[in-house]
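To keep things simple, chains are lettered A, B and C as they appear, and every chain counts its residues starting from 1.
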Amino acid sequence: MSTDRVGASVMDGLVLTDHHCHGVAPAALDRAGFEALATESSWPPPAGTSTFDSQLGFAIRRWCAPLLDLEPHADPEDYLARRRELGPAEVNRRLLRAAGIGTFLVDTGCRPEELTTPKETAELAGGEAREVVRLEHVAERVAAKGTEPPSFAADFAEALAEAARSAAGLKSVAAYRCGLDFDPSPPSARDVERAAARWLGDEARAAGTAPRLEDPVLVRHLLWTAVELGKPLQFHTGYGDPDADLLRCNPLHLAGWLRATRGTGVPMMLLHCYPYHREAGYLAQAFPQVYVDVGLAVNHTGARSAAVIAESLELTPFHKALFSTDALGLPELHYLGAVLFRRGFGRAAARWINDGEWSRRDAERVAGLIGFRNAARVYGLEGP
Amino acid sequence: MSTDRVGASVMDGLVLTDHHCHGVAPAALDRAGFEALATESSWPPPAGTSTFDSQLGFAIRRWCAPLLDLEPHADPEDYLARRRELGPAEVNRRLLRAAGIGTFLVDTGCRPEELTTPKETAELAGGEAREVVRLEHVAERVAAKGTEPPSFAADFAEALAEAARSAAGLKSVAAYRCGLDFDPSPPSARDVERAAARWLGDEARAAGTAPRLEDPVLVRHLLWTAVELGKPLQFHTGYGDPDADLLRCNPLHLAGWLRATRGTGVPMMLLHCYPYHREAGYLAQAFPQVYVDVGLAVNHTGARSAAVIAESLELTPFHKALFSTDALGLPELHYLGAVLFRRGFGRAAARWINDGEWSRRDAERVAGLIGFRNAARVYGLEGP
Amino acid sequence: MSTDRVGASVMDGLVLTDHHCHGVAPAALDRAGFEALATESSWPPPAGTSTFDSQLGFAIRRWCAPLLDLEPHADPEDYLARRRELGPAEVNRRLLRAAGIGTFLVDTGCRPEELTTPKETAELAGGEAREVVRLEHVAERVAAKGTEPPSFAADFAEALAEAARSAAGLKSVAAYRCGLDFDPSPPSARDVERAAARWLGDEARAAGTAPRLEDPVLVRHLLWTAVELGKPLQFHTGYGDPDADLLRCNPLHLAGWLRATRGTGVPMMLLHCYPYHREAGYLAQAFPQVYVDVGLAVNHTGARSAAVIAESLELTPFHKALFSTDALGLPELHYLGAVLFRRGFGRAAARWINDGEWSRRDAERVAGLIGFRNAARVYGLEGP
């Protein structure tokens, strides 16, 4: 049987849990707005070029066009025209519903005012949603509401505990704020107070805006406070927008942190990881509390995502890999993330079956582990 | 249809632009001379072994032998004997002409006295050539001709502007001279003068030779002077000969430089990139002015080059990837670079077509973008 | 012909030399003990999971089960039950004998008291064995027997010369002890004496145990003493257990060491290398005295090992790649290492043959080079 047919049969009927995504844009998007959400760049491409000319752009035209009643590989113009014609609500509904994702763990810390809430996202999809709380976002809200250096630690702990009460997990963007090569030890109360004083100082106060939390002492303090709550802690690792220095997003920089927190038993969820997904696989094998995904990369590498998924499963134990989309803004990304994961894992597994390396039964079991069972176990979600 | 036939049909009739190569050796080469040009090593291989035992060596025997009227996979001895028999002029002509490269952008800063000029190279190939001017080479010629620390900056600016007048682009080997992890800010005039004084100092003067420019302050000064000219600026990145420290050739070290120069609009061309071609793809997606190739690696990885090309097209937008050979000395490298690119991109695209991920029309369009259109747009070359 | 049949025919009759492995456990293993030897982790996996759920676990069930009279893909429980039933001596004999390894170079410096000796290992396999002496182990024995700072250098030199007399090669675990980014220059006698004084100081003496040698000055001293003996020197590089910081195990950190020792002609054997096997391939091409393997990774990546082997042969000259298993404790690892290498190299070569890139004759010759001839040449072993 062809690998595609074997792969499809292995993945048949699998309802996924997306352990890391964002909401969709409820408003209509013009071409520039759409293209900006289909790249990790912070700037438009050069004159005369388009972000549609990328693996992600080709995958959108291939896989999403039919859901909008167009032929596969529809031209970008036609695709966007049809999108406008249907309107954002219908487009969001169609694509989210077709993804076959039953549970969404939604990070609410990135541009929440422009995106659907977890509840809205789930309703569009006909699924369930749980929140993932971003540490730095909570700290910045504490600062915006007003806090003093001596009380910042207590105020943050209270706000985080409150925000986390019904959340499935927590998330840190330390990678963007100070790099993953931070000192893994917990800072002293005195150091935290001093760092808070710098952060909340006169200049910020005068500006009247919530300052951006980038101080490594405070980032570490947030992380150690989060560990206290015992919930799975997600880390952005690997590539993302050009804000971050990719060399400092290598998850291997977390080795000291992982040694320091191993005894706590708190699951550490390494997100994205590309192009360090092999390194992440090593961490997932070496440290009992480490889990990995290649969510963002699956969408952006499009036709190449099967290869990336296969690489990510070299060292990663199969009880340590999770499905995610990291979709933000475009429901195309939720849908494609699911399609490409099914195709990619399916194709890898089918090749191993056809080559006589794996049994079909094992392949189906691993599909279930990565697709939803590992997430259910680690985040304590109810089964479908 | 087989992937090879689909791939060949996608690439059919494509006349390439090689946006980074060197000339060929006009003189006859003995075995040691030939082997030395078929490896990035600076030393002969161990006794009893041959550089022919490599992917590149196998590819030369496979693909170049028939152009010299031999069977594919001819023995190295027979290959070199036939090469001697035909003589360098005929071998250079046959291989260059068969490459299907219409335009050569030739870096003239590496051993120019041993290689054909851009004009000679183009004539052998029946194509066009444009020069790429190497910054460090210009600076070293300025020093050799005589300059003083206070006037070095002006003398270099004048010499570079003169050299660049008819050039298609500029090139830096900062990777070899001080590593890509240089401070990205422009040095002050005073710092440049001081660094020039050290470089041009008594010792160098006494030696009576053009000193090698390795000072990071001067390297940065060269780069910022080059940016003023507005022409595309090529950077050696990734592997090359063992002179450089490969860890410091990771193009991610350029992130600060790319942030600092984004506003200038000067295209930054990351050459080779291997084994950091995925990292380079991220930079090409993240920064509007960044372009990439995997030229050198395509030749040296031979039968594996299709895989390297496919990896390089994971994150790189298709308007940001370029074809190059980085061929130097051996016309085999110009020819093979073209053959392996056609086969490698063709095979990758054919697989995506056969798997239903890409349309054939898109594949043909992307082949044209990478093959010559992106180079034409970025370097302002006339179309074929 | 199918790639598998072509691959099998290329590898037909090849008797391998494993240039880096360890002994097997002569005692019976319970489930926890078996699982601990089937992962690079130092800790058990999370509750409810098993190290059998990994590429290595799947490969054991697939390939080793039939040698214990079970069906391929036997359940872990059944596999371990049958293993207990047969007893360790029979299991060790069956698996080692089936590996088709004629010569074992056995590192005796890791838990020797729990493993078979080189002689015992060879007898179980019906092959030959030679020892590989671990520098740090010898130094720690010297310290345990009693030495003084001023005499340490001489005592170590004498002990190493004695241990190395009949050894095939030497090995360093500098990667684990201080990282590969050590200063490559030889330390002065005075620095060595001072470092030895710190290492052998009162505290260690009071504890009455052989201290662990981690001082970078001493590690460098061991290495330079080893170079004097002229035997091939193996380095752990790339991943391994979580003791080491993987970022500092990147073999590229050895570039300075390789430059400093090139003139000595001592072969430098880079072991494992994953996920830096492409970087290692560059070093093997660039430096005449550098050799590489991907032994450990072949076992742990199981169904993906063909891809890893193919990647490792991009830049590595074919006279510079060696076969190894890095098997330790489980005879499954010796057997699987051989099976997966035969399948993986065979499949890669078969694809290149079928695609018209390599000739079959060349493929068979390269199989022999990697399989045993390169090891015979470098270690001065007698041919089969």
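By our rule, contacts are C-beta pairs under 8 Å (C-beta built on N, C-alpha and C of every residue); 3 or more make two chains touch, one makes a residue touch a chain.
If you're wondering where the values come from, they're calculated on a predicted model, not measured in any experiment.
Peer 1: Viewed as a graph of touching chains, is the assembly arranged as a line, ring, star, complete set, or other?
Peer 2: complete
Peer 1: Cα superposition of subunit A onto subunit C: how big is the rotation, rounded to the nearest 5°?
Peer 2: Superposing subunit A on subunit C takes a rotation of 120 degrees, nearest 5.
Peer 1: Mind checking subunit B against subunit C and telling me if their interface is mostly the same residue numbers on each side, over half, or mostly different?
Peer 2: On the two sides of the subunit C and subunit B interface, the residue numbers are mostly different, under half being shared.
Peer 1: Taking each chain's centre as its mean C-alpha position, how far apart are subunit B and subunit C in Å?
Peer 2: That gives a centre separation of 37 Å.
Peer 1: Could you list the positions in subunit A whose residues touch two or more of the other chains?
Peer 2: In subunit A, no residue touches at least two other chains, as defined above.
Peer 1: For the complex, give me every residue of subunit B touching subunit A.
Peer 2: 250, 252-253, 255, 259, 262, 278-279, 282, 285-289, 310-311, 313-319, 352, 355-359, 361-362, 366, 369, 377
Peer 1: Going by the contact rule at the top, pick out the subunit A residues touching subunit B in the complex.
Peer 2: Residues 4, 39-46, 48-51, 53-55, 58-59, 62, 72-73, 239, 241-242, 245-247, 274-275, 297, 300-304, 307-308 of subunit A touch subunit B in their complex.
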